[in-house]
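Shared between the two complexes below is chain A, which has chain B as its partner in the first and chain C in the second.
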Partner chain A sequence: MDVLLERLIAGTTDGAIYALIALSLVVVFRGTGTINFAQGEIALFTTFVAWSVVTRGMPIWVALLVATLCGFVIGVVVERVCVRPVAKRSDMAVLIVLLGLFTAFNSLDGLIWGGDTKVLPSLLPNGPDDYLAAGSARIYGDTAAVWIGTGVVLLLMIILFRFTRTGLHMRAVANNSEAAALAGVRVGRVLSFSWGLAGAIGSAAGVLITPLAPAQLSLLTMLTIFISACAAALLGGLDSLVGAVVAGLAIGLMEAFIIGYVPGLGDHLSETAVLTIIVIVLLVRPTGLFGTKKLERV
Partner chain B sequence: MTTTAPAPAVEPATLPRGRRRLLVVAGSPRHTVLITASWLVVALLVVLATGLADYQLGRVTNAVIIATAIVGLNVVTGYTGLLSVGHSALLGVGAYTTGVLVVKLNLQPMITIPVAVVAGVLVGAFVGLPTIRIRGLYLAMVTLALAVAFPEILQAATGLTGGAAGLVVSVRYLFPPEWTGLTRAQRPIWMFLLSLTALAVCMLIVWWMQRSRLGRDMRAVRDHEAAAESFGVNVARTKVVAFALSGGITALAGSMLAMYVGALSPAGSFTILKAIELLSGLILGGVATQLGPLVGAAVVVYLPVLLAGVVNGQGAGVLFGLLLIVIVFVMPEGIVGRLNAGWRARVEFVPRGHPYAPTPRRERA
Partner chain C sequence: MRTLLHIADLCAGYGAADVIRSVSLDVADGEIAVVLGANGAGKTTLLRAITGALARTGTAEFDGRPLRTRPEDNVRAGLSLVPQGRGTLTELTVAENLLVGASARKPGRGVDADVTKWCEFFPVLGERRDQKAGSLSGGEQQMLAIARALMARPRLVLLDEPSLGLAPIIVQRVFAALSDINATEGTSMLIVEQNADLALRAATSAYVLEAGHVVASGSATDFLDDDRVRSAYLGTDSRSAGAPRGCR
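Moving on to the complex of A and B:
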């Protein structure tokens, strides 16, 4: 029972972060039709920015805001300057631009902040005594911050997509960008906004998870998280926002339970086991759990 | 229009006006001279390379091995259009097959090469199997799974692979065999020639492949899968064969890598970052081109070294990333793709009997 609760908490926490980053990947995919390979590194960059803000004596809440804004700006600039000019040419060109940004951002972090590990404070008090007892398990401040943060972001996203004009435009572009353009939607702006939004969500996720990440804040913090988030976006179906959240949580929980309950696999092969399950799911549902099936005409 | 316009063979046409072009007819003396000259240049480069200092030759060897791996990636991603981020694992399959066989069974490295290739073909085909149902970026997920799983499996199978610590191939296995006549001190030259031979064989296979029916099937699948299928191309088989061939070639590169480096570790050359490096090299060099992998490998091996001379440490990485982006902006079809386009604008290559080709008088009557 102790293990169950403890694993459940760990799984939902990791899963929430996967869900957030998967969400940012899906937002970009729906607009541009590509996986943003630089997403994790952009988030890492803005998390370092947050760390800088904190070391200047500001509270972590301010740092979170600065990082999120910074992520939004980077997302817009990347879309407008790097991606849009090559997007018409070929998917491969976009891919290599994003791989270039991946390398550049990671090295830039190293250049500015150095390779040594840093510690980012949690959003909620996170001392040894700051916990809520849930049965026999303890929910510490950093975990609670991830849950609350994810909840807030999801709520904002639902409001954005359900009730605002911008959200409607984003859905229209995702559905059929040409028809949307004909109906008067400014597709370019919507794309820039999508990338900005993705950058902001990713940055928020980065700041939230870093206090809990095994690597803390270092150049490798985001790589494994990003891979799991990628898997979540694909498992959920690349164009499904709901799918990203469900699959993110599912992957987090699967990892946690495999580590906790399957001793042979959990020691070394937890990622492998999770990814194998995803591949098997994709074999049954080739466009993910919630992805729309595309009809093709010849 | 200009190159493919069919015209009656009896009416000799002239080259379109405008830019001056060099006319090359297949089989003509001019063609023969050009081909001989290119091969002479290649031979000269190889001879010059063997005269390099050991560490420089080692770097060339590294580039040759990376080029071989990219040739393999090109089969899947370039010709068949299936994005793979899992080729680091296929490289690793070849490397660890050679490594484990030499270390655990004391086999001669040369004997392990065919085993490594077969292992690569099998793993490649296995990864290719899901392509029957999974397409596009979702397929990239399968290769992503392979890339992430491979280092984990290596660490889990400690007894065989040495786990996180890795394997060290004793250097006494890696000296040139006696029949080559090379001394032990000439190991760098031996490794260079061996990996160059591997590269040449792989390029020959791919050259043959892309002219064969298989190559046409692959391009059809890449350009429009549904259309290809409706024209009778066996899409599933084509994809699986592409992955198997690609796996074999990349595993051969891995086998060379094991012999060249002599030490293997899961965190070393076989993580997803290596796959990204291979992918960058392929796209920079030019997808679906014969020489693209060579140029791309040269770029990904030498550019960081050159940049490290300009700025130190992490700055080189920033510049490398930015340069990747700049190259894509300037030449989205890759370096070789761009060169090929420029080359075609200046040289008109036609088969014998083509209307552009000057016909001998006696045949014209």
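Moving on to the complex of A and C:
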């Protein structure tokens, strides 16, 4: 099989998931101004929930819906109960709370579902013969599910932000939350909804990628994925929705090509490259590729 | 006339120190009232305390009911603020800014009609409807901020130094627009200003704020005519309109 084509497909698939999780980070950052370090683990928790639903004999589509809904509720609760009360004090307090939640969710997963690896079925038929031929490469059901799922989420996001009142209010709060409140926007509700939305997007991403993840469904599934998604959010500029998608795809492709074209070391080198990107962005261009520079009149 | 805004013994500040102490003032339904004061007198603090952006003690009643503690709730009660420095949503278009101003209202034809109405009242906003608010000039942003506040159909608009940083000719236009809106819509206004002359001409009643206290109050015409008041409290003459003030 053509390596280039095969890597292109793998890179776009991973990149799509990075884009989704980066998007969920950006949605929260635009509202609250914090990076939700617990995002990956919230997504893992709801992916485990999806697994539980599937093992009870429900179709994976239902499980996806349940996980997404669950992610929304967890997002809202985390914002309202864990983040908002400490946000008044300091950003550092929020950071510590989120890091705490990161460990808490992972431990909770272990407590409920145990440490052994589980298999989550793909959303589309994924047998050896269920593929579309693209030139010399084959696109299997699990890959197609990621692409279609990501496309649907992005479309819904565009509709939300461009054409709905809630989206307008979210953009207003992201732009200047005090001015938005003075104009009558219920900022608290917008923040809760943003965290809920982020939780839902992350959960959808988790269910979509798990069938393809090297770790399958285990306590480690989200770790490397989340680091790459963080790099994508940073590279994209943290407050740019478009940036998150573009950078997510870019990082997915970069990893795929390093793995494909660096013999032997590729796997490890791709992780190194992601971390290097994080460092470089923070050092050289903290606003990323698409982020807005904050110019404040004092 | 009926009292719309009733403030008595209001105190507020940052941290332990009160910036405004025991301020009392009333705004009658339909009138324009003005609070004059120099830099640091507590004008912005006063308005922030009224809207709830800042914690306050004392009495603050709007139309006979206690004001709420969150700005977004007070907007729903009919009280809007045009903040100092205008507070336009720079990344949003002019039309979107106006729509955000109607957040407290039911969406629909009424809101769309109001967007059109204010775009016609301020033609410059109509011309720049789909431009980002950040690309507007200072005067245009001030008009946008006023129009956005009016989108909530408020009964009382608080304006925090609408003349700040604007050229004299633009300041005159802004005040002409405010008087016009007050006359045609019946919207009451409480304007805090350093630009005493123009503000007094637009207003019916006036207060002077000094170091957090109301040190004088009366009808705006009396203030304009009384040279002693002007020299004692305002330290201005008629040429000061729009003159550069400080380094902001």
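Annotations
By definition in this document, the second predicted complex is superposed on the first by the 279 of 298 C-alpha atoms of A that agree within 3 Å, B and C clash if a C-alpha of one lies under 4 Å from a C-alpha of the other, contacts with A are read in each partner's own complex, and residues count from 1 in each chain.
The rule is short, and it goes like this: a residue touches a chain if its C-beta (ideal position, glycine included) is under 8 Å from a C-beta of that chain, and two chains touch if they have at least 3 such contacts.
This one's a predicted model, so the numbers in the text were calculated from it and none came from an experiment.
Contacts of A:292 after superposition on the shared chain: chain C is touched, whereas chain B is not. By the touch criterion defined above, A:35 reaches chain B but does not reach chain C. Looking at the shared chain after the overlay, A:136 reaches neither chain B nor chain C.
Judged by the touch definition given at the top, the superposed model places A:97 against chain B, while chain C stays out of reach. In the superposition on chain A, A:181 makes contact with chain C only, not with chain B. In the superposed model, A:169 lies in contact with chain C only, and not with chain B.
In the superposed model, A:55 makes contact with neither chain B nor chain C. Common to the chain B and chain C contact sets on chain A are residues 297. Chain contact summary for the complex, chain A toward chain C: residues 165, 168-169, 171-172, 174-176, 178-187, 292, 297.
Touching chain A in their complex are the following residues of chain C: 51, 53, 70-72, 75-76, 80-81, 83, 85, 87-92, 96, 99-104, 107, 148-149, 151-152, 248. Only residues 35, 82, 85-86, 89-90, 92-93, 95-97, 99-111, 115, 223, 227, 230-231, 234-235, 238, 267-272, 275-276, 278-279, 282-283, 286-288, 296-298 of chain A touch chain B when the two sit together in their complex.
Interface residues of chain B, counted against chain A in their complex, comprise 83, 130, 133-135, 137-138, 140-142, 144-145, 148-149, 152-153, 155-156, 224-227, 230, 272, 276, 279-280, 283-284, 287, 313-318, 320-325, 328-329, 332.
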